[in-house]
Amino acid sequence: MFYHDKRLQYYTPPDRPDPIYAKKVQELIGGTFGEMTVMMQYLFQGWNCRGPAKYRDMLLDIGTEEIGHIEMLATMIAHLLDKAPIKMQEDGAKDPIVGAVMGGSNPNHVITDILASGLNPQHLIVSGQGATAADSVGYPWNGRFIVASGNLLADFRSNLHAESQGRLQAVRMYEMTSDHGVRDTLSFMIARDTMHQNQWLAAIEELAADGLETGPVPSSFPQELEKGEHAYQFWNHSQGRDSEQGRWAHGKSPDGKGEFEYVANPEPLGSEPNPPVGEPRLYGTSMVKPTNGAVRSSESTKL
Amino acid sequence: MFYHDKRLQYYTPPDRPDPIYAKKVQELIGGTFGEMTVMMQYLFQGWNCRGPAKYRDMLLDIGTEEIGHIEMLATMIAHLLDKAPIKMQEDGAKDPIVGAVMGGSNPNHVITDILASGLNPQHLIVSGQGATAADSVGYPWNGRFIVASGNLLADFRSNLHAESQGRLQAVRMYEMTSDHGVRDTLSFMIARDTMHQNQWLAAIEELAADGLETGPVPSSFPQELEKGEHAYQFWNHSQGRDSEQGRWAHGKSPDGKGEFEYVANPEPLGSEPNPPVGEPRLYGTSMVKPTNGAVRSSESTKL
Amino acid sequence: MFYHDKRLQYYTPPDRPDPIYAKKVQELIGGTFGEMTVMMQYLFQGWNCRGPAKYRDMLLDIGTEEIGHIEMLATMIAHLLDKAPIKMQEDGAKDPIVGAVMGGSNPNHVITDILASGLNPQHLIVSGQGATAADSVGYPWNGRFIVASGNLLADFRSNLHAESQGRLQAVRMYEMTSDHGVRDTLSFMIARDTMHQNQWLAAIEELAADGLETGPVPSSFPQELEKGEHAYQFWNHSQGRDSEQGRWAHGKSPDGKGEFEYVANPEPLGSEPNPPVGEPRLYGTSMVKPTNGAVRSSESTKL
Amino acid sequence: MFYHDKRLQYYTPPDRPDPIYAKKVQELIGGTFGEMTVMMQYLFQGWNCRGPAKYRDMLLDIGTEEIGHIEMLATMIAHLLDKAPIKMQEDGAKDPIVGAVMGGSNPNHVITDILASGLNPQHLIVSGQGATAADSVGYPWNGRFIVASGNLLADFRSNLHAESQGRLQAVRMYEMTSDHGVRDTLSFMIARDTMHQNQWLAAIEELAADGLETGPVPSSFPQELEKGEHAYQFWNHSQGRDSEQGRWAHGKSPDGKGEFEYVANPEPLGSEPNPPVGEPRLYGTSMVKPTNGAVRSSESTKL
Amino acid sequence: MFYHDKRLQYYTPPDRPDPIYAKKVQELIGGTFGEMTVMMQYLFQGWNCRGPAKYRDMLLDIGTEEIGHIEMLATMIAHLLDKAPIKMQEDGAKDPIVGAVMGGSNPNHVITDILASGLNPQHLIVSGQGATAADSVGYPWNGRFIVASGNLLADFRSNLHAESQGRLQAVRMYEMTSDHGVRDTLSFMIARDTMHQNQWLAAIEELAADGLETGPVPSSFPQELEKGEHAYQFWNHSQGRDSEQGRWAHGKSPDGKGEFEYVANPEPLGSEPNPPVGEPRLYGTSMVKPTNGAVRSSESTKL
Amino acid sequence: MFYHDKRLQYYTPPDRPDPIYAKKVQELIGGTFGEMTVMMQYLFQGWNCRGPAKYRDMLLDIGTEEIGHIEMLATMIAHLLDKAPIKMQEDGAKDPIVGAVMGGSNPNHVITDILASGLNPQHLIVSGQGATAADSVGYPWNGRFIVASGNLLADFRSNLHAESQGRLQAVRMYEMTSDHGVRDTLSFMIARDTMHQNQWLAAIEELAADGLETGPVPSSFPQELEKGEHAYQFWNHSQGRDSEQGRWAHGKSPDGKGEFEYVANPEPLGSEPNPPVGEPRLYGTSMVKPTNGAVRSSESTKL
């Protein structure tokens, strides 16, 4: 069960409105790696967790924290959308810009029109100056963005990745504004992303220390059941050997269980595919056709 | 530019048809972590790559290999859908099952009906016994499944993760059949997933060795710009301290740049949100209402 | 900011596993009117709320409660998926059912196969016996399911509706099982839906009592700006007059501002559409064609 | 069966083109609460209706009217997209704006560029100046937007809500333009939304008068089967008691069947979740691990 | 504007209920090439049409007919879902199947369970035995399924194609049942698909006869602006020359404007891609790294 | 299996960056008829092909070519996004535009702001100046865009159509820029689209010449099973007879098997729908209601 505290985890209001930036902030709420993703991902991993209590509790703690991050960003969007222009000024359409700029009564019309044409129209029409559950191009967040597989190592690698994209995007957003309030709030969130990247690296260590999971995922699958001769080969699917210059082409594999091999000129091991003849009542095009329509016809009617 | 070789990279035909299993194989083609994802993800990462040639070439090599993996699975599905029942036998609806089983002319009707009711109907109606670009519940693959951020460490962590889920799912599929042909083909793909997990771990090492990227992602963002006091804290968002028992709550952080701190009873640092009054022409509900309709009305008409 | 209590709001474990029912429970989690919808809808409405504090607080209280409802259902799914069959038994494919039933070593194979063919394959392959953020056919929850318009009356009508569909679906699910544990848990959730339907009706009353919003939504838009002569007419778009027999065709309108009128034989008020000629460089088919290709061609090259 | 009349239900052409506004009009066609939604929702409710003929006929009448509303808006978009700029003028990139404005031959380039950068690119590339089946950010209309549950009270509440959001959005669009033609056409649609809100309120009355449905939905479910002690409680999931100040916290419930109770400090009624051990062949992380790999391995091979 | 006639265009009721078949019928309503697609596609093409009146009228006539086809199929689904089993009988879970079959009181339980596990759960939980706006796996119809480009030849080719897939799927559905009522209704729809395939072929002829559009689409684009030397070449992207055996590799091209050429061993005409260095403030991985963090840092803060 | 050549099939770099145009180019990559669609469509058709080897090989050859087309466009986007403005300059917000234009230090700010407000924000935040798997409004490519039915004539009609929309869109994009590099690259792709339209027309001829498939699709379904009297009728669903003026209303049908007939005043052939009474435990609204709640209640509890 959950409780709410009316205060925000952290927040500094923006210096001034900026509806174009509000559109972009949606990426951090409802984008593939936005706060809705990490919140839902950690909560579902926690709820589905059958491992030791510390993992479940840790997952639910951080998932609960992330709900509050959406709250911070939604509040930011409310401020950024304040005074958003709700229509084009249209002077330009009637008079040359030179007129509007030089002699018109409202020289800010060009700026207004840039904002009005570039903001997310749903921020006005649909949400009335509020945040939405969508990303920066208006595509809605969806449940396929999250991962909860039941294998904690697989999932912690997902979490490490999500926090990496999350911090990368937050940092890009930091660079994409000069607003001190926005930057201050983001600098808190970036710090939390630093923590969370470290947290998942530590959790991966912990899984190994507890003897629960190591690589390759899933480590409890008996490796003698896989085709071992291909388990450490790099196949060079192109001409030239640039791809041979990396750590992945030579030496001991990171899982400690094999030696990398570079296959410079790989050949297919299988033969050409040879699919069976199709079911005639599905009317696909097959090598062998029914000899005549009458036969097919009576076959159809008698079924 | 790309070329095709008519032979499959590897393939052993299934022992016998199995339309229910064919439905499940779609997860490995068009699921969130299916072959379409890794193919498209590696190709887009390669095409977008601005780093050294070895990374671009390596990404495109493996992306090219993955196209062939879809090809193998699509061929498997064609075999598994052979002789799929196209309709219910309906004996049961007319006569009690006991009759059908004991004295009917076709005692396999129950089995047929189980298959006919449980298979993916689009495998008959839409694709005519062919593979589709969708997952095991028929949800189509989509472009939000892939990641290509321009930051190679962020993306290699994604790749490591994708191969982890991919191998986990392939292994589960291996356990979910007794068919020797299917298992043999999967055992090749599982081996490749072992390689690819190792490959991305090695590529992460290489990025560090080349001085390009380390953690936390993105490592070139100056950490003094984040709120450092919160960058290594675990916030316990629940009662009890189970979450304190892990590596993530104490000791040196894995990035080597901080010390974990466990905040047992975290308090909000911000205040209650206080959004500005809404634009009246959007007709949201605000604390302050327009004093009378006439004013609003004339405002509307004069615009 | 949010906190988690490790205990569930309410819960009685299922009597026994039932993977088919687990598939259906997903509707109550990730369906259009599942708990993810009401949770996210109330939280976003609360975060976007610019009205009096009691509305914001009330919205966030109930949104916070709903997070815990997902938690209860995810726990239910974990129990229902216990011992789910991971593959077909295949006796049937080898021997007639009569053999399996009468003399085989495992007469439960038919039941197992029904379950294995009908369960949600992602419950095994993707989530490893855990709940997913999707509905009963595997379609993921998405952000377009929620409504937060900034107008509280519009939104409370949405909430009233969501709780109506929610209780209807929960009641159907109650009827679709005989499991006492499942029914007990659902009977708690059904009671909460009763409360929540009443709550939104009361909140609609409160908005009117506070002088904030009444119908028609949005009530502050000056009705003299709409085409008043058509604001209370029922247009009969078919032959016959069955549709005249209802309250909507005669008498005072519920908003108290008009009188219903039944238009038995409505005629269009507009003329035939007459769209302008298309831009030639978009190569649509227009009434007027470019006179010759050469002209178009030079036009193209000079741009 | 359906028939078409070539004339529009109502229409006044826009004063002048406006491609940015055309982008926004898409919300009224293909948005969550656009005309496609109400059209399809009422038609499906009518087709699925098993109630008295007057309800079915009424639903199909209004659904049929709504098809014509899409037609009006699609015509409006054709006019608004007339003369839409198909490319950037690019002077700005070559010369400073000051030059373009002051001495250039085409001072309208800035305005053109604002329009060209802000319009919906699919209005040119995909539809060639025509309307699309999508909303104002280009997200396609989809079938999950509609509701047809078979329970008429649940569905009429949905309809009441849809017309509320619909009128709210139309009114916002009215305020977002100064074009007299557009406003005139919208003022007709807003009037129809007024009717339709009233219509659904009247239809809800009618259901009660006919003894078919009342609240809480579904009213025929025996309330003694729900946990009655929780059916009229408000749970305060936060500190402070702002949420106690509303009608929902005290007094008779609107369904007349209970008395509201405010639970100021709610405690969970359930215990901590305790999911069963996972199926080992799904390779999730469980409390109890297989004792050794060899056992798992032989288990795998013998299946 | 549109009108409704209460009678169906054509209809014969099913002989008996069949919830599994009802699930499949959804493909013909809400699938990629279902009736919702052709209805919406023809209506939008008609509304967007700027060509001669006969095309617009013809498009709207057939679009209007298709609305009635959804109506027929929705009615069929209502009949097929009659008496659908709403839960598993569960005898099997308690007793061996042999017991249930031989001595139980309800020997139809196995059949019931097959139906209950295989039907679309949303047909019960969500729509209460009604049709939904989704396909046979429950994926909702969406606006990207339709095409209305403004170029009538491009669109008529789409229509020809849609009717081809539509008739193919209807025919498959015809083969997938033995129900005489269902087959009779489908045989009407299949006949209409025959007409509509012919209609679009005739419409393509008419466009040419009217001098409006021929191939290649769009025919008014000056072909001297394309790279003519590659406009009639088949590139053999594989080893072997099977692909040379077809009409597409030799002889006059069907548009009458070129001669096919078979390029047996194609080579790339371009060079290796060489993307520019990335913007450093986006923190992608580039060949050239910022020389030190301090520089980046001050750059960040001063912005 | 597939191979990669590091060189591009064809490519001329853009003259200069243009982030707005980059947004539009996404339509050609990930739009409904973009290169991802034709690539995946031809590959899946090839993999699913059960017809003669020449068809399979031809399909896979062209599918393989299309992978390289995505590669070309992704490279183009990397160049177009070079130097994309990452934030608004904001002078305008502080000072009147007149100030910025006339006396400011950076008169290009207006242009920069137009670009910054109109570009795809995900090109910066998500992909870091790289191409994405989405269309020009950011909607992701998905697997429902492709068609592979198993019937080659149905599918070749789809391919003909896809190349028609594809060339139409490429030509529009050609007109929407003045950049010589972009136009040169597009002129190669337009030429390939010319080839591919011709290729599919030739392939349709070949299917007929081989005696495999003709119209109406599927031609092997016995036409005596369809309602022949309606197979060549045009139904005029509107008043007036504009739709009679076309080739589709009179004369021999293109399939050579019928004669068109124009039905000027069509009447429904079916009766009013009469759906059966609903299952009471689903709580829909039916004509016949349960006589009292107590009966329903005991029914519920005893299940």
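Order of writing sets the chain letters: A, B, C, D, E and F. Residues in each chain are counted from 1.
The rule we apply is simple: contacts are C-beta pairs under 8 Å (C-beta built on N, C-alpha and C of every residue); 3 or more make two chains touch, one makes a residue touch a chain.
Computed from a predicted structure; not experimentally measured.
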Least step count from chain C to chain F, where 1 means the two chains touch: 1
Touching chain B and also chain F, the following chains: A, C, D, E
Third chains touching both chain F and chain A: B, C, D, E
Winner on C-beta contact pairs when B-D is weighed against B-C: B-C
Interface sides of chain D and chain F: same vs different residues, half threshold: different
Per Cα centroids, the chain farthest from chain D: B
Cα-centroid distance, chain A relative to chain C, in whole angstrom: 24
Inter-chain centre distance, chain A versus chain E - centres from mean C-alpha coordinates, in Å: 27
Set of chain D residues in contact with two or more other chains: 1-9, 32, 47-48, 50, 55, 57, 60-61, 64-65, 68, 71, 75, 78, 86-87, 101, 110, 114, 117-118, 124, 126, 128-130, 134, 137-140, 142, 144, 149-151, 153, 168, 171-172, 174-176, 178, 218, 221, 225, 237-238, 240, 268, 273, 275-276, 278, 281-284, 300, 303
Contacting residues of chain C [partner chain F, same complex]: 168, 171-172, 174-176, 178, 281-283, 300, 303
Residue numbers on chain D that touch chain C, as the complex places them: 5-11, 32, 53-58, 60-62, 64-65, 68, 71-72, 75, 78-79, 82-84, 86-87, 124, 128-130, 139, 142, 144-145, 147, 149, 151, 153-154, 157-158, 160-161, 164-165, 167-168, 171, 174, 187-188, 190-195, 197-199, 201-203, 205-206, 209, 215-218, 221, 223, 225-238, 240, 242-248, 253-255, 258, 260, 268-273, 275-276, 278-279, 281-284, 303
List of chain D residues in touch with chain F within their complex: 1-6, 47-52, 55, 86-88, 90, 92-93, 96-98, 101, 110, 113-114, 116-118, 120-122, 124-126, 128, 134, 137-140, 149-153, 207, 211-213, 218, 220-222, 224-225
Residues of chain D defined as touching chain A within the complex: 16, 18, 20-21, 23-24, 27, 31-32, 101-102, 107-111, 114-115, 117-119, 135-139, 169, 172-173, 175-178, 237-240, 268, 273, 275-278, 280, 282-287, 289-290, 293-294, 296-297, 300-301
Chain E-touching residues of chain D, taken from the complex the two chains share: 1-9, 30, 36, 40, 43-44, 47-48, 50, 57, 60-61, 63-65, 67-68, 70-71, 74-75, 78, 126-134, 140-144, 146, 148-151
